[in-house]
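Quick one: this structure, given as structure tokens, is what I'll be asking you about.
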Amino acid sequence: MILFYILAFVLIASAIFVITAQKAVYSVVGLLVHFAALAIMYFSLAAEFLAVIQIIVYSGAILMLFVFVIALLSSGVAPFSVGPNRLPKIAGPVLFGVIVTLGFLVYGVAHIPAAAVHPITASASAAGPVGAANVFGSVADFGKALFTTDLLPFEITAFILMVAVIGVILLAGDSAPYVQSRRRARIVERDMREAILRAGEE
Amino acid sequence: MHESLLPVALVNYISLSLVIFLIGVAGVVLRRNPLVMLMSIELMWNAANLLFLTFARVWLNNAGHIFAFLVITVAAAEAAIGLAIVVVVFRARQNVDVDEVAILKG
Amino acid sequence: MSNHIMGVPGSYPILFVIWLVPLLGAVLCWAFGPQLKRFAGVLGSAAIGISFIAALVAWGIATQTSGAQTGAQQPLFTWLQGFDFGLLLDPLSLIWVFIITGVGFLIHLYSVGYMWNDNAVARFFAYLNFFVFAMLTLVLSDNFVGLLVGWGLVGLASYFLIGFWFFKPSAVAAARKAFVINVVGDVGIMFAIFIIVTKAGSIRFADVFANPHALDPWLFWTCVFLFIGAAAKSAQLPLHTWLPDAMEGPTPVSALIHAATMVTAGVYLVARCAPLWSASQDAQTLVGTVGALTALAGALLGLAQWDIKRILAYSTMSQIGYMIMGVGVGAFSAGVAHFFTHAFFKACLFLGSGIIIHELADEQDIRLMGGMRKRTPVAFWAMGAAVLAIIGFPGFAGYFSKDQVIFGALEHGYVWMWAVGLLTAGITAYYMLRLFFVTFLGSYRGEMNPADVGIQTQVAASAATIAHETHEPHAEDHAHAPAWIMAVPVAILGFFSFAAGYIMIGPGSPWAQFFDRSFPHETLPPATISEGVTTGLAVLMLVIGGAIAYQRYATRQALADAPARLKRESETLPAILVRLYYWDDLIELLVVRPSQRLGEFFGRWFDPHFVDGVVREVVLTNRFLGTLVRSFQTGLLRAYALIIVFGAACFAVYYALEGALR
Amino acid sequence: MISNPYTWADWNAVFPLFIVGGTAVVILLVDLVMRKANGWVSILLGIAGLIGAALVAAQSYGQTRNAFGGGFVLGGFAVVLQEVIIISAIFSLALFHATRRPERMGGVVALMLWATSGAMLMAGAANLMTIFLGLELLSLALYCLCALAERPTSREAGLKYLILSSTASGFLLFGMAMLFGASGSVSLASLATPAVAANPLYWMGGGLFLVGLAFKLSLVPFHVWSPDVYEGAPLPVTAYMSVVTKAGTLAVFARFVYAALPGGASHALLMPFFIIAGISMIAGNLGMLAQTDMKRLLAYSGIAQIGYIVAALAGGTALGVRYAIYYLVAYMFMNLGAFAVVAICSPTPDEEGSRIESFHGLAARRPALAAAMTFFLLALAGFPPTAGFLGKILILSTNVGAGFPWLAALLIAGTAISLYAYFKVIRLMYDRHVKAYHGAFARLPLAYVTMAICVALVVIMTFYPLTPSNVLPLVK
Amino acid sequence: MALILILLPIVAGCALFLLPRTDRTISRVTGCAVAAITFLLPLIAGGGGTFAARWLSRPFTASLHWSWGGPAFWIVLLLALCTFCAVLATNMAQTRTMVALLLLLEGTMMGVFMARDILAFALFWDLMLIPPFFALVGWGEHRDTAWRYLIYNFSGGLLLLLSTAAFGVLYGSTDVIGTSHQLVGEWAPWIFAGFAVAFAVKTPLFPVHTWMPATYSDTPPVMVSVVSSVQSKAGLFGFLVIGLPFFANAMGEWKWLFIVLSLISLLYGAFIALMQTDAKRIVAYSSLSHLGLIVLAIFSQNPIAIQGAFIYIVAHALFSAALFLVLGYIEEREDTRSLVRLGGLGKVNPKLAGAFTIAALAALGLPGLAGFVGEIVILTGVFKNGFFWPALIALVPIVLASAYMLRLLQDIINGPERADIPERRDLTWIEGLAVAPLLAALVILGVYPHAVLSAAATVAAPTGSVQVSSTFRRHEALGAPTLALGGAEFRTERLLK
């Protein structure tokens, strides 16, 4: 319980840091903290596999990508803000209003359910596909679901990853000489496909 | 529904993820740096993930886990493409200030 | 009683001859005009002549009786469902047919000479024949719609003939004025027809007159609307102003249309609808009043005119006033009688004046005439007879008919109309004799400076010049027509101006017998003043008027200083008469101008800027809204994000509320 | 070992989708092998694969199959939508300038095919997971495709699309999470119970879910991205996006309307959506008024047109979904036909968009093209005798019958406004007083074919208005 | 058979575009031949020439259903005649294009007038806007005229569409023209209002008329002769075949509004025509005035008045076509249509003047010509139904008509000759042939209108009888809806009263 509040504090603080940090690199650091806290939160929710994935994929892959790009772009002079702030003056109040409105939303969702949710729990709980409490969230449980009931989404992710790969190659290789990008594409593509196959075998 | 499996009340989880989500929203609107915008979007998606896992726990339904896994995968792909686009924009302009990227309007 | 007047149904081919031969003449003249040239006149006259002969032949069928019916009725065809057309020849229409074709024939003949030098002679005769056809349609129709068709067509013919010299702006304007005022009359009749169709369920005279009270409570209004038509056509107050202007047409046209026939259509209408008028006392009073006032007003205006044709026009107006008064108050036979005699003497006067005008190369101002007795003796004698007729000189045609009318008013109980009739008779005597004296006596003043006789130069000169220019002589010859062509008709008409009245003396006269079955008989209380006294008073008025005219214009003294007197008189005429009671100005001010202003306001301002402006506003609003929509499209990524977030927030509020309130 | 719970029947249901996705891989391989080939090989291969997929998918029409435990429901509705998506993809491929950058053609076609498979997945997706994945597969491919042209506007379009779409996906995901929380299941069918409807989470989740859909459909006010992205993206991609994104999302929306709504809740739940559909009809047409770029104009037009289509679903009547499909198909042909003409007339195909100037005096230069363009614009405006006309009639009658006369009135008002914009283009083509544009026409044989087919079908659809009869129920 | 009348002109019109741009002879010969065929075919074949094919079965029954029988017969002949005359009179730089547009216009209007299905009616209703629009784009003097024409009429068309949809949903079928079935219920007046606005715009009626003067003065005369004579009758025809048979009650509810508007149109158009100087605008505003009379007739709902309306439709078509053709000739010769600059044409061009005179006289309602018949019959009927004041007020514009028509006529053909008038040739025989049939028809119709009215009787029949209201047939939706949609279902119930 204490853990939850600590994590909640860390999560919110790091999130605010992410969006307020002066430099993009600081934001990345904030995000790293955020993801780490989130992974712990996932553990507390009995989602061990997801927690691991969170660390590996987000912190390990995505954030590294961000760092690379920041490094790449920072070679220029002040690439992130070169002109005046063009956002209309009205934007501040509007955003404030929006946040307040969504605060209202929090209020609504947080306080109404107490009356509304409970009556249905009994009837609804029987309906859902419910796993056993002890194995819930384990890697085996997760893997089984991934390769049986939710096999189709998993297959689709293969396409998504291929899109990402080919897309990035086409975009990034745009101004590079043709042959090189072509070769690179081939290699990356083969690697991706192997990775997907491997994932499928697991 | 097995709300008792949660360490604290469900409301707290929902509120937490909402707050993180809103912070992400604010980040998208307030920041001019596309990289930070992308990060803010990651915050939003992660808030959703947190919610998925919470409800997966409550309902003892690992579909939420699968969903969260898929979201992470998609987020990775999306981040890769997003960064690539940022890079190509940068190549053309030597900066990536989103307030300056406004040729298209009207 | 009143259903006596409708003809015996049957097949009467002769009616088609009367009716359609003029149309044939018109078509031939129109189609073969370039080939016919002057022979168009011969052809046109022949057509009318045939028609006249046919009318004579048809005397028998027109007066035949069968049971309650008199005359001949020839069904034609179903114009529309419930609107059956047919021809009707009964004594009343026969009289009109006689005048139209008989006097018409003479005028046609005269026109051959009058239009000798005009290029468009074929067109002229085509119009003239067409007019005769239209007028015959009017009087031969056995129903109101057919009558209205004829009514409109004579208006058209009149329009064509007034504007015959269509390159002359004044003629064109006069034609338009005549037509428009006549359309006012047409719509009046139209409205009467609505009432008749609605109430009586038929448009045939026979059915409507069988029971006039079927029109109640609209009977009076039917009469009023019919009379609007009559007033417009017959130049009664207040729709009279077109008639003097109509003198812009060639003189034979004035004689035929604007004196003898068309303008008396109103008299015909009232006489034809005698059963309606008999049934409505109010209508009698109204129409009699208008007639009497018109008679007086026309005569007064005649005092202030110098243009020979305009004087005659006002006298026509005045005389038709008599007729209308006659038929209006119920003295139908008397009114028709005055029409009959008037046709002769007025046609004679116009044709005679035409000879003078022709002689003087289109000069029409009597102040520039004088001494015409020697130059145009035929005109002098014929017009002399006609003037005596019009002023009601005992023994001449007008004496008998006018007397009947004036006494008829008294007989029907309208004493003041009787008095007005007598007064008008005196005035008529004065101005007609003035016309006669100034024109024919003394010495010729045509070589004088117009200003010396009181003519405002610009007006007179321009009129004369334009009149000069209008005649476009044939290239090949400038010769005048043989004199007899114009003289003979005038002479014949002059004779009838004298003689036509003798058929109508006394209660058992041929005239009275002829119309015995045509008009409703009424038993009237004996008049307070006997007919003899009336006649005596009329003659007295005539003598007074004539004496003044003689004293002023015909004595040796007067003839000697005629120019100076004319000048003085021209300058001292009362303005109200010179400006025609300001009636034209008033119409201009109250009707024409407002209409034009309204038209301009609507057309120049209201339509483009208001009605269309509203539409344009809508379009502009659209443009503005389009700009508004696009103004959100700033191109700023963050602004877009904000808009989306804002929209999402709105959604969220809605769903939070919906979810919570559920 | 884990036993696979799914049989061949399940895999058959998604077979067309994998044909398309597989073709993309084949194209990449062929591209590797045949280095010297110009882009036509890729395009023709892609078209062949799509046609194959279309034929296979057509086999399933007339049967309803519930594959993958409710993840994918194949039936009349899904098949029709898949066919729409495939045809749009074929017609869009036909608009590519294959010879311009042949070395990239393979990748581009592959991306487009994957996007197509994503949209096809959406057409049958019946649980939140497949919906999300289909949507993202489509979107991710489109981000790349949008940014691919070598001009700043294209990059900008890619960036804007990516950021905004991801943000909207965030809303969508959050909504999905709440829906999951409300029912404890990711299946749409399980949402359709009264008990779930009593849960505020369901309402909030449904609302955010609809925000995400509204963004993809580009309904006002979530439309802001579409004019910019359409203008910036390469023309074939714009053409593709204008139909496929909408078709896929519409499929999801229709399934949500017809399958995921518990009794009694639908009216209140969907009302905001129909309101913004109504606003879109007006605002989209207003936005068109002063545009000078054809793609942008058609983007605004698309905003309005999707408003009409969504309006057809108002009231959730049985006929409404059929008419929505009818109008969608009509819109596909009209819009793609118009894009084909624009593609042919674009002065410099891969550079600065398609300015309206290139249509000035077109009637004198290429009467047939001008006539075709006129026809398509008339069709979009709802003039007879086009499917746009009949489609509007059908939607109007649905709205009136379902108790949404105000939507019908807005449709009428919007159409009236749209006239200006469409007829401005028509007038510019025919007006002799306008200075004619003189530029080359693109050599796109396939685009001419597309144009001809579209004209024919738009007319034929008017007089033989076939609508699929077995589209309901959407969930077994 | 009926389909031939629609497709032949359209196909021929499209085919003409294959000819070279400069062609004059072939296109005119073809055009005349097509118009002649469309004129003769119904005459020779007789009957209804019905073509019917099922089009929609849901959400309501609709058919592609056309027939030239009944009231459409005379309008079809009229349209073919006017097209024939217009094609014959076409003589301009772009003859081929103009003839093609005229044929397209004919074909599309055939589709309107022969329609036996409201949806088919609506289909061609919008379609017939296209040829004049292109004529305005190609030849118009002002840029926004084409817009005005299109926006107004298409907006009306959209309301027509909305009402058609509502009609179909409520009644179950749109394949109804030629039958009579009274619609009642709270929605009926509003459905009718949609129709009525569309018809009023097309006619046009007072507040929505501003497209008309501009269009009539800007469009080439040959095109406007067809537009003003026949196309403007589509709205009135709609009132006759859709309004009266199905919405007699609704019309009764809107009666006074439309009567007042029609009276305003009558007076307003007449007053404006009084002061215009553009000859074509005078005729345009006179059309506003004249057609107001027909609207008055229709809304008086008197059988006689409706007969009169029918005959006046034909009469107005004939004389407005003739007037515009003649004005076209004049404009072609003198290069102006300003009354200020024209004058004295009658002397040199007597045939032209004669044709012009007859047409103008018919327009001002001279007894003996067709216009008069319509006026008197209409107003008789109006009066008969107790509309005293409307009938009386409607007489005023007749007087005004004589004033403005004579002004038009006289200012052009009368008066002194103008020295600066360039061309001085009289009508050629082809030009004469183009107006002669119209003028002849005016005379014949004026003298013997019974022939046309016996056809018109079929239109007026339903109004004379007592209307029996009935419940609507409810359309059967396909299958059962999967969901009971509470609110929506409730509203549906109320709508389907």
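Per-chain numbering from 1; labels A, B, C, D and E assigned in written order.
By definition in this document, contacts are C-beta pairs under 8 Å (C-beta built on N, C-alpha and C of every residue); 3 or more make two chains touch, one makes a residue touch a chain.
Everything quoted here is computed from the prediction, not taken from an experiment.
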Any chain that touches chain D and chain C: A, B, E
Set of chains adjacent to chain B and to chain E: C, D
Most remote chain, CA-based centroid, reference being chain B: C
Higher-contact pair (C-beta pairs counted), B-C versus A-D: A-D
Geometric centre: closest chain by C-alpha means: E
Centroid-based (C-alpha) most distant chain relative to chain D: C
Distance between the centres, which are taken as Cα means, of chain C and chain A, whole angstrom: 101
Rounded Å distance, chain C centre to chain E centre (Cα mean): 38
Distance between chain centroids, defined by C-alpha means - chain B, chain D (Å): 26
Distance from the mean Cα position of chain E to that of chain D, given in whole angstrom: 41
Per-residue overlap in chain C, given as positions that touch at least 2 other chains: 619, 630, 633-639, 641-642, 645-646, 650, 652, 656, 659-660
Overlap residues in chain A, where contacts from two or more other chains coincide: 86-87, 91, 95, 98, 102, 105, 108-109, 112-113, 117, 124-125, 128-129, 149-150, 153, 157, 160, 163-164, 167-168, 171, 174
Multi-chain contact residues (two or more partners), chain E: 151
Pairs of chains satisfying the touch condition: A-B, A-C, A-D, B-C, B-D, C-D, C-E, D-E
Residues of chain D that touch chain C when the two form their complex: 159-160, 163-164, 167-168, 171, 197-204, 206-208, 210-211, 214-215, 221-222, 224-225, 227-228, 265, 268-269, 272, 276, 283, 286-290, 417, 420
Contacting residues of chain D [partner chain B, same complex]: 128-129, 132-133, 136, 140, 143-144, 147, 152-153, 155-160, 162-163, 166-167, 169-171, 173-174, 176-178, 180-181, 184-186, 201, 227-228, 231-232, 290-291, 296
Chain B - residues contacting chain D, complex: 1, 14, 17, 21, 24-25, 28, 34, 37-38, 41, 44-45, 47-49, 51-52, 54-56, 58-59, 61, 63-64, 66-67, 70-71, 74, 77-78, 81-82, 84-86, 88-89, 92-93, 98, 101-106
Residue ranges of chain D touching chain A (in the complex, touch as defined): 2-6, 14, 21, 24-25, 28, 32, 67-69, 71-72, 103-104, 107-108, 110-111, 114-115, 117-118, 121, 129-130, 133-134, 136-137, 140-141, 143-144, 147-148, 150, 158, 183-185, 190, 193, 195-196, 198-201, 204
Chain E residues within the chain C interface of the complex: 148, 151-152, 206-207, 209-210, 213, 268, 271-276, 285, 307, 344, 346-347, 361, 364, 366-368, 372-373, 375-377, 379-380, 383-384, 391-392, 395, 398-400, 402-403, 406-407, 410, 413-417, 448-450, 453-454, 457
